[in-house]
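Structure record follows, encoded as structure tokens.
Just so it is clear, A, B, C and D label the chains in written order, and each chain counts residues from 1 on its own.
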Amino acid sequence: MKPRQRRWVFLAAAGGFLAFYLWGLIGLPGFGHYPGPYGDIVNAIAVAQTHATGVVSAVNFEYRGFDTLGEEFILFIAATGVATVLRHLRDEHDIRVVDEARDRQVPATSDAIRMVTLAFTGPTLVVGWYLASHAQTSPSGGFQGGVVLATAFTLIYLAGQFIAFKRLSPIHFIDSVEAVAAGSFAVVGVAALGLGAAYLANVLPLGSSPGAVNSSGTIALISFFVGVEVSAAFVLIIGELLEQTLVIREGGR
Amino acid sequence: MSVFPFVVVAWILTVGLYGIITSRHLVHQIVCLIVVQSSTYVLLLGVGYKTGAVAPYFYDIPGNTPAVDPVVQALALTDVVVEAAVTALLVAFAVQAHKRFGTLDPEELRQLQG
Amino acid sequence: MSGSTPMDALLPLTVVVPLLGAAGVSALNPLFGNRRRLLDAVAILTAATVAGMLIIIMVGTAGGQQVYWFAGFTPSHGVALGIDFAVDQLNAGLAVLAALLVTAAMVFSWRYFERVSTYYHALMLAFLAGMVGFCLTGDVFNLFVWFELMGVAAYALTAYRIGERGPIQGALNFAITNSVGAYLTLSGIALIYGRTGALNMAQIGQAIAGHRPDGLVVVAFALILLGLLTKASIVPFHFWLADAHAVAPTPVCVLFSGVMVELGLYGVARVYWSMFGVGLGHRTSITAALSAFGILTAIVGALFCFRQRHLKRLLAFSTINHAGLFLIGVALLTPLGLTGAAVYVVGHALVKAALFLCVGIVLHRLGSINETLLHGQGKQLRITGVVFALAALGLADLPPFALYLGAGWIGQSGDTRGMPWITVVIITTSILVGAAVSRVAGGVFYGIGDPPSEDPRMGEEASEETSETDEAKSRVPLSMIVPPAVLVALAVVVGLLPHLGPTVQAGAIRLQDQGAYNATVLAGTHTAHPRAIMAVEDAGVTVTDTVTGAGTAAGSLVLALVSLYWRRLPLLRRGFEPGTGLVGPIRRFQSGVVNDYVTWMVIGLACFGGALALAIR
Amino acid sequence: MPVVHTVITPSTVRPFWLMEAFQVTILGLVAAGATAVVLTRNPTRQVIFLSIYGVLLAILFMAFQAPDVTLSELTVGAVILPLMLLLALAKVRRQEE
């Protein structure tokens, strides 16, 4: 189809689609009228059952923990896929990383920016760590924490320290860390099996009172592994993409 | 108000699809796919919203306070991860496509046909 | 927390073991990096272990459905709090098929790839985990999660050979179309959640049964189906398939054609019978709408297949043809139709996998995939030729390969639902597809007749197809020829199994009984099902089926010979070649531009939705 | 666009009225933002718009009482995704030089 033609064909079909979709959407109970029962029941029982005051984390890491296992592996496999697709072929040469950093076309990072971004790295790490380790209490969790941790590593790059970034994140090592973290999540579930409980059952002590940092058993543990996995995955993905901007000469087509 | 959020959902989805089919740049197309997916977050969270209810965190509020549905929020979180994963992979494809084809225009990628 | 028996513990492990395998090989990449054989062995062993566990589970489900609640959250008062696996014979069987094909593909890869990192193995194992999870889950959002894991692994595997242009474009088209489909599926899931407040399929089914179906239910059904039909490559959502198959590494193609596409159709069946069947009603309209898509798919796939010169594309279009036939079997909404589809899927997977592996051997030895160039070149590949020819005949429904049973049962079921012309569609499209594949068998491996005319555009594309391996071996390694031979033999074994019909039909009856599914999942009560009553007493294999199957195969052979000897036939119109008229449309529709593909998806969705809306108001 | 009507039920008294007005406003902004992102054809500018769109979505999720998703959307939608896309664009530009 030619672009113009396609646009008109699409607009006609999309009109039909939009009408159809809206026909379904107006059948919803109306905004603000969540009908339940799933969410209401979880809200009612989660705190007592799991000792986690953040019910979203309780759902993510316990009631629907198996979804999260799949989700972590989606991210893990995406990172593996990125590494696969961006791997270097024999006919591609990259000039040494050391040369590269000097050769970059961006204007040299000013000392002020360098100072500011490096100064931000520490707090970012702290925030990320806090988020990843407080899934059970407040609106946070391994995923958000992991992303923030990965951002901290990226700040090091923004400060113009690509070499430091490289040194902190050698691909194979990060890949291993990511795999170990993702695997540990799966192993937590297997441990429950070994104790005769169901897969991913919360077999750890739930802690004294809801809301404490050491409460909620496996929720906190899984959240921690997710945090490590997510931050490693993003560091890997961004590292691979960064490295691409450095590959100068390609062979082949 | 009762259907307005859902009309917005349908609009975001359709606009995103329009962007995909008219796109002449792979990065643009990937961004349009992100827009398509963002309609699902709004739909999920819109479906689980309760007027006047609080966020499902019972750290400093009594357990019987009406709270919005935590399940859709967990689903939306999963959805965000899926988005990040798929986008990462697509960006890698786009980088590789530019290396091999020298262009990012989907209309110009004509290796496969028939 | 429910107590669990060792048997129960196997259920989660079928997904967790391949996931741990994927994580394990990546975590130990310094160890595996230089020890290829160790890596291969671990991957093969993992896949085989999963296959073994699934076979035990499948045998265990003969007495009834197995339900497993993750984290021990059994439902109370009909409300599911957690995620469940609900396993019956059919979905366990499909998972077994997936695990067996992954094992075969990994064995084939033993000598096929010369340099692979741990990435390939991690991707394949995660792909397996996604497929098994998709088969077994009883939760609709969990279905989406495994669907995405399967998708992400499949996109990356398609682009595996990054040194060429084709794989990148194929992966892009694959990823973008399937992601659009997946997000629409997710929208449908969110819609139905907004109505029922449930994600468990049984609970959703119970919630919407007993009400008149309204817009929301119909739209949710259509949207959820869209992603599944895209994966199942149903016209007009099928365009990605030929592109992805043409470029993916051969062992990966085996999985794409053998199970991934079929999983999409399983998803359609699961979503219909566990969630929407009772609530939607209007069986006749749904049969009409879905079988219309199925027939269109079967015809388009068969015609495009016959015209192809690119071997992998030819097989890909043959898969599209079969996906259409399977959809017809599901769309009939009868136990016999579903039985036929299930047996057809198994037979097709084994035979098609063997065909792809043989093409892989051809590519490995002869360095080309262009039928015209390869004409007569494959004579030295004796065993490969025999395996390929047998598989081609099997694909053309020759008894005793299992496929003829599936075709026959779908046809019979069509008769009982007043659609006798379904048999006609099955026979004609099977003859076309069988003829195309037999033509390759006769031409490439035995040099019969003349080389088919060159298709310039396809020649150009195929010429870029370099060998996927480093050096051509002087002879075909055992690890490459044994898997296809075993798979073809298995297709015969399945076709000769006693009681195959009644057993599979018992599974089909169970899968289609929504009330019993709900009771088992939500309340843990088991329903005794009648043993299958086949249309005919003697295990369901009729003389008609056998004769029809043999006739189809004979028809394919005749048509193949005609097309090979076309230029020597005394015909009135010289210079005319069968199928030449198709080149234009193929080129126009299969444009390779993803923008077009997404446009077709929206058109298809608007048509499907419109048809459903008119039928169910 | 259909008529926007506010449902006044016993549960939606005063304070939620304000909340609803806020939600409608931000929903409108999100719809406009999505349109702007799609219609911006210059990829670099589009990525900036995507980042802004991510922030708008995050605010919307806050208004929907989903602080968890807000955090994720902020970190992923407004930071990580634009960063990945910008890196890809940088790579492409280097190649074209």
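Definition applied: contacts are C-beta pairs under 8 Å (C-beta built on N, C-alpha and C of every residue); 3 or more make two chains touch, one makes a residue touch a chain.
Please read all numbers here as calculations on a predicted model, not as lab measurements.
Engineer: Going by the touch criterion at the top, tell me which pair is linked by more C-beta contacts: A-C or A-B.
Structural biologist: Between the chain pairs A-C and A-B, A-C carries more contacts.
Engineer: Counting only Cα atoms for the centres, state how far chain A is from chain C in Å.
Structural biologist: That pair's centroid distance is 31 Å.
Engineer: Between chain A and chain B, what distance separates the C-alpha centroids? Give it in angstrom.
Structural biologist: Comparing mean C-alpha positions, chain B is 15 Å from chain A.
Engineer: Hey, how far is the Cα centre of chain B from the one of chain C, in Å?
Structural biologist: 28
Engineer: Just give me the whole-number Å value for how far the CA centre of chain A lies from that of chain D.
Structural biologist: The answer is 19 Å.
Engineer: Give me the residues of chain B that touch two or more other chains.
Structural biologist: 1-5, 7, 9, 13, 17-18, 21-22, 24, 39, 46-47, 49, 51-52, 55-57, 67-69, 71-73, 75, 77-78, 80-82, 84-86, 88-89, 91, 93-96, 99-101, 107, in rising order.
Engineer: Any chance you could list the residues of chain D touching two or more other chains?
Structural biologist: Each of 7, 12, 66-68, 72, 76, 80, 84, 87-88, 91 in chain D touches at least two other chains.
Engineer: Please set out, as single numbers or ranges, the residues of chain C touching at least two other chains.
Structural biologist: In chain C, the residues touching two or more other chains are 141, 145, 148, 152, 155-156, 159, 162, 165, 171, 187, 191, 193-194, 197, 199, 591, 593, 595-596, 599, 602.
Engineer: What chain-chain pairs meet the touch criterion?
Structural biologist: Every touching chain pair, ordered by label, is A-B, A-C, A-D, B-C, B-D.
Engineer: Quick check: in the complex, which residue numbers of chain B touch chain C?
Structural biologist: It comes out as residues 9, 13, 17, 20-23, 26, 29, 33, 36-37, 39-40, 43-44, 47, 69, 71-72, 75, 78-79, 82, 85-86, 89-90, 93-94, 96-97, 100-101, 106-107, 109-114.
Engineer: Would you mind writing out the residues of chain A in touch with chain D in their complex?
Structural biologist: Touch list, chain A to chain D: 30, 32, 54, 56-57, 105, 131, 139-141, 143-144, 147-148, 150-151, 154, 234, 237-238, 241-242, 244-245.
Engineer: Mind pulling up the chain D residues that touch chain A in the complex?
Structural biologist: 7, 12, 66-68, 70-72, 75-76, 79-80, 83-84, 87-88, 90-91, 94, 97
Engineer: Flag every residue of chain B that touches chain D in the complex, lowest number first.
Structural biologist: Touch list, chain B to chain D: 1-5, 7-8, 11-12, 15-16, 18-19, 24-25, 27-28, 30-32, 34-35, 38-39, 41-42, 45-46, 49, 51-57, 67-68, 73, 76-77, 80-81, 83-84, 87-88, 91, 94-95, 98-99, 104.
Engineer: Where on chain A does chain B make contact in their complex?
Structural biologist: That would be residues 3, 6-7, 10-11, 14, 17-18, 21-22, 25-26, 28, 30-34, 36, 38-40, 42-44, 46-48, 53-56, 58-60, 64, 67-68, 71-72, 74-75, 77-79, 81-82, 85-86, 137-139, 141, 143, 210-211, 230, 234, 237, 240-241, 244, 250, 252-253 of chain A.
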